[in-house]
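Below are structures written as structure tokens.
Next, two complexes with chain A in common: one pairs it with chain B, the other with chain C.
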Partner chain A sequence: MSATTAQRRNRIWRYGSLLPAALLLIVLTIYPVFNLVGLSLSDVEWIDGRADTSFTGLDNFEQLFQHEPVYWAGVRNTIVFAVCAVTAQMIFGFAMALAARRASGFGRVALTTIFLMPIVIPPIVIGAMWRLLLGRDFGAVNTLLGYVGLGPVDFLGNPDVALASVIMVDIWHWTPFVFLLMLTGLESLDDEVFEAARFDVKTNWQELRYVTIPLMIPTILITAGLRIVLTFKVFDEVYLLTAGGPGTATEVINFSIYRTFFAQDRVGVGSAMSLLTLVAVAVLIVAVNLVIRARRKAKEIAE
Partner chain B sequence: MSTLKTILGTTALSVLAGTSAQAAEIDMLINQSPWLNGFIAMVEEYEAQSDNTINLDVTPFGGMLEKTRNSVRGSDGRYDLIALNAAGMAEFYAGGFLEPLTNIDDGFALNENILTFGGSTGWDSEAGGFSEDGDLLGVPINGNVNVLYYRTDLYEDAGLDVPETWDALLSNAKALASDDVYGFVPRAARDSILYNFTPYIFSHGGSFFADPSAGDYNVTIASPEALAALETYIELANEAGPPNSGAVAQAELIQLMSTGRGAHAIAVVAAYPVLNDPNNSIVAGKIGTALIPAAEGHEHASAAGHWVAAVPRNVSDEAKSAALDFLDWFQAKEQQLYYVQSGGIPVRDDLADSAGDNPSFAFLPAFSGNAAVSHMNMPLPEGSQIKDAISLFLNQAVIGEITPTEALNQAADEMYRILTEAGYDIDEPSKL
Partner chain C sequence: MSGKSARKGFLGGHLVAWGYALIIVGPMFWILSNSFKRQIDILMGTGFATPILDNYRTLLFSRQSDFLMNLWNSALVGVVSTVIVLVIATLAAFTVVRLEPPKWATFLLLGWALVFHMLPTLTFVGSWYVMFSNLGLHGTYTAVILTHIVHALPQTVFLMVGFLLNIPNDLIQAARMDGCSYGQVFRRIVLPLSFGGMAAAGALAFIQSWSDFAIALNLTDQDTMTAPVAIATFAQEHQIRYGEMASASVLSMVPALILILFGQRYVVRGLMAGAVK
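Up next, the complex of A and B:
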């Protein structure tokens, strides 16, 4: 076999082996996005049992920016939700991972099992469970508060505390995810670095501040990025606990999209909302990637 | 001889097979609900009396719209019979997805005692609204309307009369309120407030639109009558209701009533079996039902939250005929009485005299009274969008974020914008 033939075969193999993955990507990811773009520039009406689709240009986006205050309330709440929930989850998850790593034997297994429990509970159960716990008249939390002379607190019905209550449930639900990634990150750190550092650091706090956290930065950034992106997808907790109310106190982006797209059957505006959210999340992912790359490059230069 | 037996046997089997081939299978989409068991009992009864069988696809309420749309919009429908709720009915009537029932059998007509809940069995395509004189598209299968619930034991102890007016209701609610009991439980959560506000606005002489049955969709929500209605709503919630009225949805309302924490509520009649079931309610047997009050000098009103069954266009003629056969059977008085006894909510107006002492039938007089004055609140295809817009403003008024006047003015603006964008030729609404 000549070198040219071998090169050609290699090329065919290279492209051929990529083909199934490329096809899957086109069918499952790229086509739906293009379809979404098309729908966001259209209006669909049903007349005499048939769809009448018309091109409307940027009308749906104009509608979105001028006449959808509920969506923008959802954007504001989602950002507050993401910042508060992810910050708390990162702090708690990291602290729990440190505790589990320092524990030994049975204690470690027990802690890991307990910490991971919320993440394996189905969202529908979490919604029902917390709705029962946080209810004003019959909730267990208010019953406990009553024993110490406090409350009742209207966790889900008071617009001033409803969003905080939903954030708290999200923190409870997703901190184990952060814990898991942090624990994996801590386990992969080189023990020799810690042994070497013992000559310089005097306290546990110094070890954490000057050795552990700097080494964990890549894991922390990736975890925080993942959690922020996932937080933008929050839906089930809001749907089950407050349905976006009272008023717009707990409205989030996905709930607005769901209501517009499915309940109101406004496919064009719903697609515009989805596309805008998709672009925002994509920009966020790119930004996180750029930060991670920049840090990696800076580290390589320093070495 | 044995050959002859075989031939005779084969012929007999062929005849039987031929007979059973005429029997039809009807696929029906229906929602999961407290009255489902009653409907299942009706289906079983129908199957016992007919060769046809009905396969029910029971779906949670939240998934009904999508399943219905997917089925009726395709070239071949998945369901031969679909249950449509009052809230989403107009979309399917106006979209041209349903077969007029007289096209299937030109002799078919609704029984004269069947309730039509504001003419919602037919659609007038020219006027663009519900009308009994339009194409007959649906047969009611559940007469869910709002009724007034009250605690009969508390009424007896306090020597009160069932209220006829909103003022009397407020007065009774205040009289019965205590540390353990809310005088009145409003349903004011954002997603369901419009349905419960409907009796208030109509019974104060107000309306959402000028005259929908004549195709006049001029917006009339920002009126002094509607303002009085909203103020009544808020007054009842604030002065006699729980502090979190703006978060009380149907589930919380039923929970508060069934645990004895509420003296009154306005809720769907379908809650009656639950509230009077000793396994679900500590006040079973102590819950009475009545006509919803009205403002002094105005007509009583209720909100239609009923269901109709309709036959999509995109199914076979055989399936359409079989579906219509079931609907025809369903409307008879005898079947409707059986339906009530099985836990269903009837759709006829002539059952109240059959109530007797049977506790299962005790809600029938209140049901008939409220059903006769029930209104469709959003009788147009854009109803879901308008409902979401108005509901937010009403909810914000209840929780004190905006004033009732602001709520109604903003609702009027939004309704006008949505309707004009959808192509309705209407005037700019008057404001408060």
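Up next, the complex of A and C:
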């Protein structure tokens, strides 16, 4: 084999190895965004299972901004959802990680196993599970409340508590994830810093306030940012627990998109919703990344 | 801090963590026990009833239920998409990490992959639905498998990039000196050394596919329906079949539980690497 054929082969390999990934991303993630732009500017009819589009300008967006209160209720609920759920997850997760950091041996493995469960079982199963648990007349939670003379609470049917119930399920679902990230973060901290600080801090609280938390800021920021962005994905549990109801009490953005696009078959408006959501969340993602990066850079300069 | 208060905090910490563990395990036992109860016992809130297998029998073997086929569909889609995404992601990761492709290419690829990974899946599903319908592919395995591949691609690429960075560059340089082409380096050095990483990334890709509801709900039809979609239909019928919903849920948890019991190391490694990068 001459040197030139070998070189050519290597060049082919270099580009060829990236090709499948690039092609998939272009066809199935970038083209769909442009497709959405087209669909959101059109009226779509289905003829023989194929989409027949006719250009209608910004009609769909006008509809979305003026006549779709359900979507905007979903936007509000999703933001409330993200703020409440992530705050609680961060506090519980961090507190438990502080508490469990010195555990070791068998207890450690058993705990990790249990904490991984909610993260890896299908979210729809979590929906089914809590639907059984939170039922008004026969759910186990109400049975337990009954023992202490409370309830029954209609967790999923009462518009005043439904959103809180769904948020609670999400907290149950994702606190273990925050816990595991925080635990990894805490364990990667240098023990010498704590040794050195021992003479300056008098109480556990001071150690936490002046040593642990400042050192953990990067992990805390990354985890919180990640959880906030990922909360905008919430769909499965809501679908099974409440389907957005009662009324619009637990409507979330993704459920509006699903209902408009698929259940009501309004492809144009559904596309406008998808596109608006996509752009808004993309901006959020970039903003979160910039904050984390700026923070990291500031830290590097400080050191 | 004195040794005594440290020990006290230690004990308290254990209590808190195990308390939360109980809150996690409790609901799972509850759904497990419900899967062995008659509908009437579930509705009456009976705490203990003689366990029966009726729900599982109806779910798996009765003529009205397709759940066995749904499980098969989930497994098929999961295995095929996991194998393909592993190959594609490992190839791309090797090039990104060791072959120095143009900076803009890496930046675009990884940057967009990160953004796509975090965007709500449902903002893409509608577009996919229209695309696959126009191609006559709606409701086919092809549509679900392709979307599951691209859905798992970013995470798998990030994980493999992380794992491949651990392979010493010297090793690759040495092989290049001996006259190996990139392809040979990949086959003889990179592949054998990255099986651990591929196991972790593959486990997570499979779980992601197995758990997916948002995509499968809208891109499958009666024949290609996966298990999560079937579970959701139990809840929507006029008379909710709680017993079957519980037993279907239990069966759907099995792969995930097997993975954490036997591959905990890999799952944790994958999850942490995926989240921190």
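Here is the rule we go by: the second predicted complex is superposed on the first by the 274 of 303 C-alpha atoms of A that agree within 3 Å, B and C clash if a C-alpha of one lies under 4 Å from a C-alpha of the other, contacts with A are read in each partner's own complex, and residues count from 1 in each chain.
Convention: a residue touches a chain if its C-beta (ideal position, glycine included) is under 8 Å from a C-beta of that chain, and two chains touch if they have at least 3 such contacts.
Given the structure is predicted, the values throughout are model-derived calculations rather than measurements.
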| item | value |
| --- | --- |
| First (chain B), second (chain C), both or neither touched by A:F194 | neither |
| First, second, both or neither for A:F115, with chain B first and chain C second | second |
| Partner chain(s) touched by A:G157 [first = chain B, second = chain C, both, neither] | first |
| Contacts of A:R9 with chain B and chain C, given as first, second, both or neither | second |
| Which superposed partner A:H67 touches (first chain B, second chain C, both, neither) | first |
| Contacts of A:D265 with chain B and chain C, given as first, second, both or neither | first |
| Touched chain A residues, chain B compared with chain C | C |
| Overlap of chain C and chain B interfaces on chain A (superposed complexes) | 46, 49-51, 137-138, 262 |
| Interface residues, chain C side, partner chain A - complex | 1, 5, 9-10, 12-14, 16-18, 20-21, 23-25, 27-28, 30-31, 34, 42-45, 47, 87-89, 91-92, 94-96, 99, 101, 105, 109, 112-116, 118-131, 133-134, 136, 138, 146-147, 149-150, 153, 157, 181-183, 186, 207, 210-211, 213-214, 217-218, 227-228, 231-232, 234-235, 242, 245-246, 248-249, 252-253, 256-257, 259-261, 264, 267-268, 271-272, 275-276 |
| Chain A residues within the chain B interface of the complex | 46-51, 67, 70, 135-138, 154, 156-159, 162, 242-248, 259, 262-266 |
| Partner chain C, residues of chain A touching it in the complex | 6, 9-10, 13-15, 17-18, 20-22, 24-25, 28-33, 35-36, 39, 44, 46, 49-51, 92, 95-96, 98-103, 107, 109-125, 127-133, 137-140, 143, 172, 175-177, 179-181, 184, 198, 203-204, 207, 222-223, 226, 229-230, 232-233, 235-236, 239-240, 253-254, 257-258, 261-262, 267, 270-271, 274-275, 277-278, 281-282, 285-286, 289 |
| Residues on chain B engaged by chain A in the complex (per definition of touch) | 65-66, 69, 72-73, 91, 95-97, 189-191, 242-244, 246-249, 252, 255-256, 259, 261, 313-314, 384-385, 388, 392, 395-396, 399, 401, 417 |
